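Got some structures for you, see below.
One chain, chain A, appears in both complexes that follow, with chain B as partner in the first and chain C in the second.
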Partner chain A sequence: MNRLTASRRLAAALLVGCTALTGAANAQTTPNLRAPHLKPDLTTAEGGIWDQSDKAESHVRASAELDSDPVLTAYVGGVVCRVAPEYCGDLRTYVLDRPVFNAAAAPNGYVEVNSGLLLRVRDEDELAFVLGHEVSHFARNHTFARFQAQKNTANAMMVLTAGITIAAAGAAYSTARAGGPYAGQNINTISSTARSLNDLVYLSSIASLFSFSREEETEADQLGFQRAQHAGYRPGASVDLWNGELDEARASDFPKVRTSEVRASIFDTHPVTSDRIAALTAMGAGVVPAAASPATTADAARRYRAVVRPHLGDWLKDDLRRRDYGQTLFLIDRLAGEGEDLGLLSFYRGETYRHRRAPGDDALALASYRAATVQPDAPAAAWRELGQACHKAGDQACAKDAFSRYIEHDPKAQDRWLVEADLKSMQQAGGS
Partner chain B sequence: MKLFGQLCAFAAAAALLVGCETVASAPAGDYAVGTAYRVTLGRQWSDVSAIMVGRPVKVRLLTVDGPLLNRLYLTDGLAPGDFLVKPAAKERPTPTWRAGLSPTEQVEFIADSVAALDYERVETQNLRPATFKGAPALRFDITAKTQGGLDMAGSAEVAQVGDKLFVLLYLAPHEHFYAATLPEVETVFASVKPGA
Partner chain C sequence: MRFLILALACIALTGCTITNQRLGAETDIGKPPPNSKVLLVRPDVSLALLTASGMQEAKADWSKAGREDLTTEVKVALETKAHVFEAFDPDAVQDPHAVQLLRLHDAVGQSIMAFNYGLIKLPTKTGSFDWTLGEGAEAIGHDRHADYALFVTTHGTYASAGRKALMMGAALLGASIPLGSQQVFASLVDLKTGRIVWFNVAVAGPGADMRTQAGAKSLVESLLKGAPL
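And then the complex of A and B:
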């Protein structure tokens, strides 16, 4: 019994060690703001991280996902410079055609912005907050801080697990030497306690790293908010952005996505969105923009739409390939709420229903294609799909008219011969 | 007793090897794609179906120089609900074949499936009529890029027979490999005949 008591004391002492480990990463001092135009020596650990970032940047330059529109890239880069004028010469912006809400700033100053983000922000103010957030990771050298935290945590974990193993081996040896009727049982208990403690050390160290990551994200939210506000952007944009993300997550077809934004885990890299909204709301309370706000919110949205309009169709097509139809419909409804691009948006609403094929979706698709084709910006494919939808619904007159208009709108379409064959068979069937 | 132990070890190893699937030779001549049809290979190919990660049961994958340099997908009839590319996660569904898709939607099914194989900028061109076992089919060309930016080219034939979709899909890097194997692929496409 004495041995068991000793092993419990050992366990308690090591548990304290584990708790200390949890705080090990958190106790790291975050580096100060980096000075502009600085590049670390390549022989240092930080220089190594920069070198890795340089390699990642060269991959991005060759990537098929790289958007080739210089106007769009210059626009996004301009917003980066506006929120981080001191680093303007250090940051290089790339737009990537990826249908996922994300952006990142690497330690060497390359900034990547996904088209999925540009599709979701409603105006430049929301974009400025995100870019301010990413630039803050760069300015605070968060990547290097995380690297240091990982290294320190790994070292601490190694020391603790070695200590647990050695202590357990010692306790087991003493128990064996003392002998007695329960020696074997006590050794098993010591062994299983040591295993559990080592597992606990491992999990604690992983959790501490995720906790550190969440703290960095919270700090970047705060600094990004300040940067955007200082550059004259609308203070409420950050909250609007995250509320939009929350609403979109709720609209997902997938239960896991619907709960992902509200269910916290110690293994999350980012804070829960609702917590971010609460923090940013508190930050924005009573804040008056430092400089003149860029006109009204509606004007800002219209100006932003004018920038992304040439890409809207491609980005929606990419988004549709994610096959989360609930989210795509949510996005389309929100974009249509601005009252612009209704032909294109109605077409993609029809496309979403056509792909989803839930009960009643055929009729919804037909109505959407109809709505699209009365708008001047309807793509030619809207006529073809209207024809298909009418044909499916048994409305041959509508189908013939829509197919004819499709050929008028896109006389060089690769499927013209197919549509003409359909038209011919419908005319023969109708006796006309 | 020692001999018995060695025999047991040999039998166990043999059983394990039998369980292992690996690359098989697909020699020139008839190659059966399920029970529905056969094609004639003009040269030896490698059947890498067994090592194709997440392969749907009805999809066969052949290659000459390795799957990154040329790949030929041959599907037995995909039934409604089947896919050409197996989804990696529930939240990342891949295109599913459904009966009654229009010809344009059949082409779209292939393009979206190629995109689900992590190719970028997938486009189809030169849509034209073809025949598959005497039934009307669609033939078209494909361009795409790997994520690293390599230009890919492809050609596909699809035929809906009843409620099933039959797919022959060839993909290769545009540089050298596509053109080098295309004549053989054309031979394969033209050789479809009813299964045994």
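And then the complex of A and C:
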């Protein structure tokens, strides 16, 4: 990078000022990065954005979605520090139990990582790429650049329309209603203050802090890739991650998700196109050895699984709340492909079929529960659900056996009395 | 010249009408008995600059000034009352139950705004002002043995000079552009029963700029005028 020419330096400097207007950054350009331990003055617009971010952070700290496992949080925070050692002291990582593929880094150093992301990455290398991507938005201060760009756009729009007499008033008013990161908070009457205090409005204003332009996403991809690679992670992980996301999109129950390459997530301003994957593949090819040996990859996946194993069941249960059973089944199959946690995964496969209730799903659920119960890591609930499935299918012997085994496996189960009542009524029915 | 005078009158007029205090119906619970302990929850203040184009730019320094001024003035306004007041920092709360109760208060406050002040009416809440956090609300000030908690929340904007100029230009042409406005919400919670015994909404008038000590004083006086304290 020491061969960076003056013109490139100029280009990089310009990029800071007008990110929204310029095209994609040159892949080799090292853009201006923020200094570690930056703290803007309270009176500046940036200080205002920090204040908003601080509020979002304290909101999250009191949130029921905040994951309570300090080990997991420390692990994810550790990966953040590996990809961004210079900002390690500035970044505070929070794991949120949300079944959506997402992560974000706010300008004040607040980093949120959804459990839905942790469920989807296959190893630490893929996680490192995503975190590197998010940290790059932070390092390049994209939130602030976006705010400035929106402000410039709004001002430009106003100047353009100001000459057209009354139209100016209408345009400025509608800008206030529809545009800008805090437009949702615009309040003029008491009745509309009800909306201003609404949590959804508040959250949508926070979400706007995390919406970036295509150029900014491309840049974050490049810088995130470099960060992960520099920290010693597998260069191919970024491509694997996006390919995996595309595969999951194709597995969706919903035609709209299947046909669209855009994901409704933090990356929604930038479709996960083949272009983006191609760009990352090219970057990977430049830093051979791009392809890790399959054994190394499998090893990394096993190590990562060991970290997330205690949460796997909860995360899969959460994933069912999305009601995209095609995607949940895809995820379970992919996780099972690594040959571990087969009892737990079979159980959740059964749960997915049970929730989906499509024709033939009863039989598929029963088979999955049965497959789960022969594995050493089957959760006790697998026997209870097997019992229910058998009962539903009219196989009373199987149901009785499974219910008894459930009580054997979990004698202190809260619903033990219910299962015992079922058993009793079956015995009476069988006896009569 | 006539237009200009008209426009200025228009500004003055909107300035006056912004002051619009509304009192929530008091419940049959009445005033807290003398020597009750009241927690003054640190005000939640979010202030922003309303730019000419209508964008809002969060201003951390204004929010900080507003928060500090309101805190001081609420304390001053209540010093003459026969109760014990204690400052309370919601961010310092550790007990998860108390944290959730504070969140619940936010949610109930939003419902009050929507159903008592908004356009929607709830068929089950047509008569008295009847909102509660439920039993167990005393966990909010558990270790302080408090009887009541007073919450103050503000969201608002102040128009930039450019915005004001645009407003005047538009007024000359007969169009109206909204300038900034600030709303303040206050609620008093009986921690023993969880009931919200008093709720008030004030829209700051021209002389009640909470970023200044004098403005905050005027604002707090209007806000707490009908408080059963």
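Just a few scattered comments:
In this section, the second predicted complex is superposed on the first by the 332 of 432 C-alpha atoms of A that agree within 3 Å, B and C clash if a C-alpha of one lies under 4 Å from a C-alpha of the other, contacts with A are read in each partner's own complex, and residues count from 1 in each chain.
One rule holds in what follows: a residue touches a chain if its C-beta (ideal position, glycine included) is under 8 Å from a C-beta of that chain, and two chains touch if they have at least 3 such contacts.
Worth saying up front: this structure is predicted, and the values here are computed from it rather than measured.
Contacts of A:Q414 after superposition: chain B is touched, whereas chain C is not reached. Looking at the shared chain after the overlay, A:Q150 reaches chain C, while chain B stays out of its contact range. In the superposition on chain A, contact of A:K256 is made with chain B only, not with chain C. In the superposition on chain A, contact is made by A:A62 with both chain B and chain C.
In the superposition on chain A, A:N243 makes contact with neither chain B nor chain C. If you count the residues of chain A touched by chain B and by chain C, you find the higher number for C. In the superposed model, A:R384 lies in contact with chain B only, and not with chain C. Judged by the touch definition given at the top, the superposed model places A:T43 against chain C, while chain B stays out of reach.
Taken together, the two complexes place residues 62, 64 of chain A in contact with chain B and also with chain C. The touching residues of chain B, when paired with chain A in their complex, are 90-95, 98, 102-104, 107, 112, 115-116, 120-121, 124-129, 140, 145-150. Residue ranges on chain A touching chain B, taken from their complex, read 59, 62-66, 97, 254, 256-257, 321-324, 357, 384, 388, 414-415, 417-418. By the touch criterion stated above, chain C contacts chain A in their complex at residues 20, 22, 46, 48, 50-61, 63-64, 91, 99-100, 102-103, 106-107, 109-110, 113-114, 117-119, 153, 155-157, 166, 169-170, 173-178, 181, 183, 185, 201, 203. Chain A contributes residues 42-43, 45, 47-52, 55, 58, 62, 64, 147, 150-151, 154-155, 157-158, 162, 165-166, 168-170, 172-173, 175-177, 179-183, 185-188, 190-191, 193-194, 196-199 to its touches with chain C in the complex.
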